[in-house]
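Take a look at these structures.
Two complexes follow with chain A in common, the first pairing it with chain B and the second with chain C.
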Partner chain A sequence: MNVPAKRILVVTAEIVLLVLVLLLIIGPMMSLFIWSVAHRWYWPNTLPQEVGFEYWKQALGMRTSLAIGAISIIPAFLLSLTIAVVVVIISMLIAIPAGYALAKYRIPFGAVIMFLFLMPNAFPQQPIFVNLLRVFTRWGLSGTVQGVVLVHILVGMVFGVWITSATFRSIPNYLEEAARSVGATRLYTFFHITLPLAAPGLLASSVFVFITSLDEFTGTFFIGLPFVSTLPMTLYSSSGYNMQFASVIAIILLIPSILFMTLIQRVLRAEYVGGMG
Partner chain B sequence: MQAKSTVRRGLSLPPYLLLIFPAVTFMVLMYGYPFLSSILRSFINPQGEFSFENYGKTIDLYLKDIGFTLAVTVLSTAVSAVLAILLAVYLRLRQNSISRALAALYKIPIFIPFVVVAQMMNSFLAPHGILNLALAKLNVIDLEHPLQLFNFYGLTFGFVWKMIPFSTLIIHGGFQMIDNSYIEAARSCGAGLGRVITRVLIPMNRSSILVALVLVYSQIVGTFTLPYMLIGGKIPTTITVDIAHRINYFRDFGVANALGVFSYLLVLITAVYYLRSSVRKMTGYQASEG
Partner chain C sequence: MPALRLERIVKRYGKVKAVDDLSLKVQEGELLTLLGPSGCGKTTVLRCVSGFVRPDDGQIYLGDRKITEIPTEKRRIGLVFQNYALWPHMTVFDNLAFGLQIKRLTKDVIKQKVEGSLALVQLGGLEDRFPRQLSGGQQQRVALARALVLEPDILLLDEPLSNLDALLREQMRFEIAQIHKHAGITTIYVTHDQTEAMVISDRIAVMEKGRIMQLGSPLEIYSKPANKFVAGFMGTTNFLHGKVVKIDKEYAVVTTEDGLAITGRGHDIEKGAEVDVAIRPESIKFLSPAEATDYANEPNVFEVEVARASYVGELIDYQLRIKNHLIRAKGEVRVARGVGVRFLIKLDADQLAVLRR
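And now, the complex of A and B:
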């Protein structure tokens, strides 16, 4: 085969690959979008016979009609948002000092402590939620927002600790030592030298914990049901019988995760996803 | 405050103790305790005595589901690894506008939560969903007999869809650490594309491929949302769905915990590998800085 022909073949193959990947990634998302605007869609029509934003308006609380079986998701959205904000504040208050200590001190039994923080990534978490349910039922925490917040902190904090500790580790020790050598106290050094340098990493970590809480399903399912209806729980409970409404919620949950993806694109490393340190 | 004053009095409490105390306490109570309890409770029968009853029941009722979980996990892990390696190799070796577009595109699903993936797959893979409609338009299938995908295959498709981007991210990161000179050296010795991939790129990137495999495998074993929303209580289903049924319908913590222990056993090898390599890496960091 001569060179230009081979070149054309390679480029064609690349374009086919691109289109295939595009279809595979966008296809399921398109499916959500079409369902979210489908008023009437009967088999075997390829596209809905009647489209409109009725379900969106219902979900966003702009209209109330009992005809299409949709409800406003505003309460669930606000609940999810409140839980996520509380979870971020508490987990970061706990995770920042721990991440700092793990990065900057030689801790006796350090390996054991790291082990404890790595376990949730290594083993399935569902049995943990099951056993927390047993304990929480005894303490009157199951089916409460407080119980759900505690579980979300558990899920988010593990990532929080690893990302903050990686951030602190990336700040060279000599900067702190320089400040200390001219008389700054440990606290002053932390707040005026280390913290500003770590701010971007800590912010990324907070956003990550926020998204994790917003999307959390399994823990909320065991601890929160049937009384705590976060957004993912509302999606789950409408998924069986109201395809349109479930699709609307799914798209609303899709937006923050894709936004986060595009924002963090440049600094994205495996540890943000899989908790690898 | 109190701790600070004891420091001044010379009892010398190391500062890291205060810093790490809240996190460790939280993890011991909220993770360590339920983890141990999940193992211990699996040996306690409904009468509160020590026995293997729960395991007997689990094997009687759910052996097939344990096999199903293992099969779905192994297949999904293998398929995502192969496709991720191919995509990462392509992204490493080609530098043009198409490969850059692909590099931006493939990452989109990384942070999409499983609950949304499940809803997507619910409509995408449905008997009259977009996939079947598209395949019918292409005359691949007859719409009177659409592909039934709320089973092993659909579940595998969902996992692969979600896991390829994540594996590609890790594996491509590893490929980027390999200097061009190795590839050029192999090429100048007459190695074709196939040999460059199998003799240079993959062997030099073994560790990140292994990490991707380990993380994908253990994550799939523990995933509840996707199988629960996609195939639910149909038989066979995954361990995670069985655990939820045991709890929701029977409040049977014994069998649920025995199932949980089986899911621990499924990830035992990957967990040991992950924990060992992570702790070693961390302590390595500390030693080099301390």
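And now, the complex of A and C:
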């Protein structure tokens, strides 16, 4: 066949493939969006019979309703956010020095330690948290916010330590040595040279810890019940019978993730352009 | 009093001695180069002086201060790194001001000193640029300015020109020598490039395997090498192996296995000793047919045949066969000789070094 026709065929095939991939990725999310604005949706309609923002209003506490499971999610949302912020602060206070030490010094069994941080995420979650529940009950931590914070730190620590240590390792030693050669102490060097250069990576690490805490379910379920109710728990309890409500919560949980990922992308790209020599 | 004194420094890495019982005195205001191949210990010595490496044994004195136990930031040194080590998140001005701010100087004083230092390296006007906006040569100058702006007791340079292209390197050599003369600061320079060392140094310490093989002025090192290593490291040297058959004051006559009788300068050798004769290309004089008859019966005249001739622009690099040996020589482009051509050469006895094996 002649060249222009072949070209049209190729381009069409590419477009079809692109559309299919997009459907695969966005499809499930589209379902979520549709459900969140559906008032009534029965088979055999492909789209809801009635749409509106009723469930949104219920979720945000702007309208009370007698429907089962329809409560304001604002308290749970605020609790999740507060826990996430506390978790980030404590985790980074541990992860930054730990990451620096593991990156810059020859720690005996350093590789083993890094591996240990990975362990909580490498095993099936239920067995871990069932056992943790026993321990926490003995310590009086079950059903408390403190207990949930500890669980979130445990689960997010791998992101904390692994990303910070990789970040610090990427800062060449000679930059720190140069600072010391002009009279800066180790501490001064850390705050004025190392930290500014590590900032994007440390920010990325914090964001991962934050998102992990916000979305954390299994551990919170075992340790937090019955008194601590975070947003994912509310999502779980409503997902069986109140699809609209669950969709609203799911979208609300999605927003921070998307926001922060875009932020990281932008910040990290600027750093590559800004570059290190 | 020497500006820097190293006393019996030893540094081991596992079983290997990177620095082996090294002692050195650097005089006030001189530029001393540590010269040697990779792995000879020159960088380790520099890192001991700068404080990033703790010697296992020995002491270091800067002036009258013992600095062996003092941390780097208190040693009052200026350090120039091979890869410049400029802080990418700070402007040129801030890079230079960093050390001055630590000293809590006022803004005006800082501005004055920074501008002065940049003028010294001829980079005035670039204060607000970031390192990534500068060329390699400019970055190196900023690194130098940053080290000098604090007026340290000693300046340490670790192969500062290795990352630059050949042309720039040659230029910067002269500039560094000039800046050193202008600032008058005691300097230790580390390099593996012997031409660089000879151009800028007051004295050179040739190092190998953690020890100083020879310490002296560039002229001494080049013309009176103490041993085969030093002779071989400086310039291109040919070595002919033989036995001493006669000693006449400071000259020795050496016979090689294939029957050549060569006269050169030797000291500390006895008759019958196994030696190497170091023959530098510039000590080889090509004789024209007319000179051939004049010099026929003089010592150190040999017949050679051209094995290889390479044109390198300003001269011709020859490989000449002399009996069973091949030696490197340089010749003028005007009187080029092709492969297979035979002629006579005369070796200048004063320039040949007879070295104990």
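To be clear about the criterion, the second predicted complex is superposed on the first by the 251 of 277 C-alpha atoms of A that agree within 3 Å, B and C clash if a C-alpha of one lies under 4 Å from a C-alpha of the other, contacts with A are read in each partner's own complex, and residues count from 1 in each chain.
The definition used in the following text is that contacts are C-beta pairs under 8 Å (C-beta built on N, C-alpha and C of every residue); 3 or more make two chains touch, one makes a residue touch a chain.
As the structure is a prediction and not an experimental result, all values here were calculated from the model.
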Combined model on chain A: chain C and chain B, fit or clash: fit
Centroid geometry (CA): angle chain B/chain A/chain C, rounded to a multiple of 10 degrees: 80
First (chain B), second (chain C), both or neither touched by A:Phe53: neither
Broader residue contact with chain A after superposition on the shared chain, chain B or chain C: B
Touched partner set for A:Ile193, first chain B, second chain C, both or neither: second
Contacts of A:Phe33 with chain B and chain C, given as first, second, both or neither: neither
Chain C versus chain B - closest C-alpha approach in the superposed model, Å: 11
Footprint overlap on chain A, where chain B in one structure and chain C in the other make contact: 274, 276-277
Chain A contact footprint on chain B (complex, rising order): 14-16, 18-20, 22-24, 26-28, 30-35, 37-38, 41, 90, 94, 96, 98-99, 101-102, 104-124, 128-131, 133-134, 137, 143, 161, 166, 169-170, 173, 211, 215, 218-219, 221-222, 224-225, 229, 240, 243-244, 247, 253, 256-257, 260-261, 263-264, 267, 270-271, 274-275, 278-279, 281-283, 285-286, 289-290
Residues of chain C that touch chain A when the two form their complex: 50-52, 71-74, 77-79, 81, 83-89, 98-99, 102-103, 131-132, 146-147, 150
Chain C-touching residues of chain A, taken from the complex the two chains share: 172, 174-175, 177-185, 188, 192-193, 196-197, 274-277
Chain B-facing residues of chain A, complex: 11, 14-15, 17-18, 21-22, 24-25, 27-32, 34-35, 43-44, 46, 93-95, 97-98, 100-102, 104-107, 110-111, 113-135, 150-151, 153-154, 157, 161, 169, 173, 186, 211, 215, 217-218, 221-222, 232, 235-236, 239, 243, 246-247, 249-250, 253-254, 257-258, 260-261, 265, 268-270, 273-274, 276-277
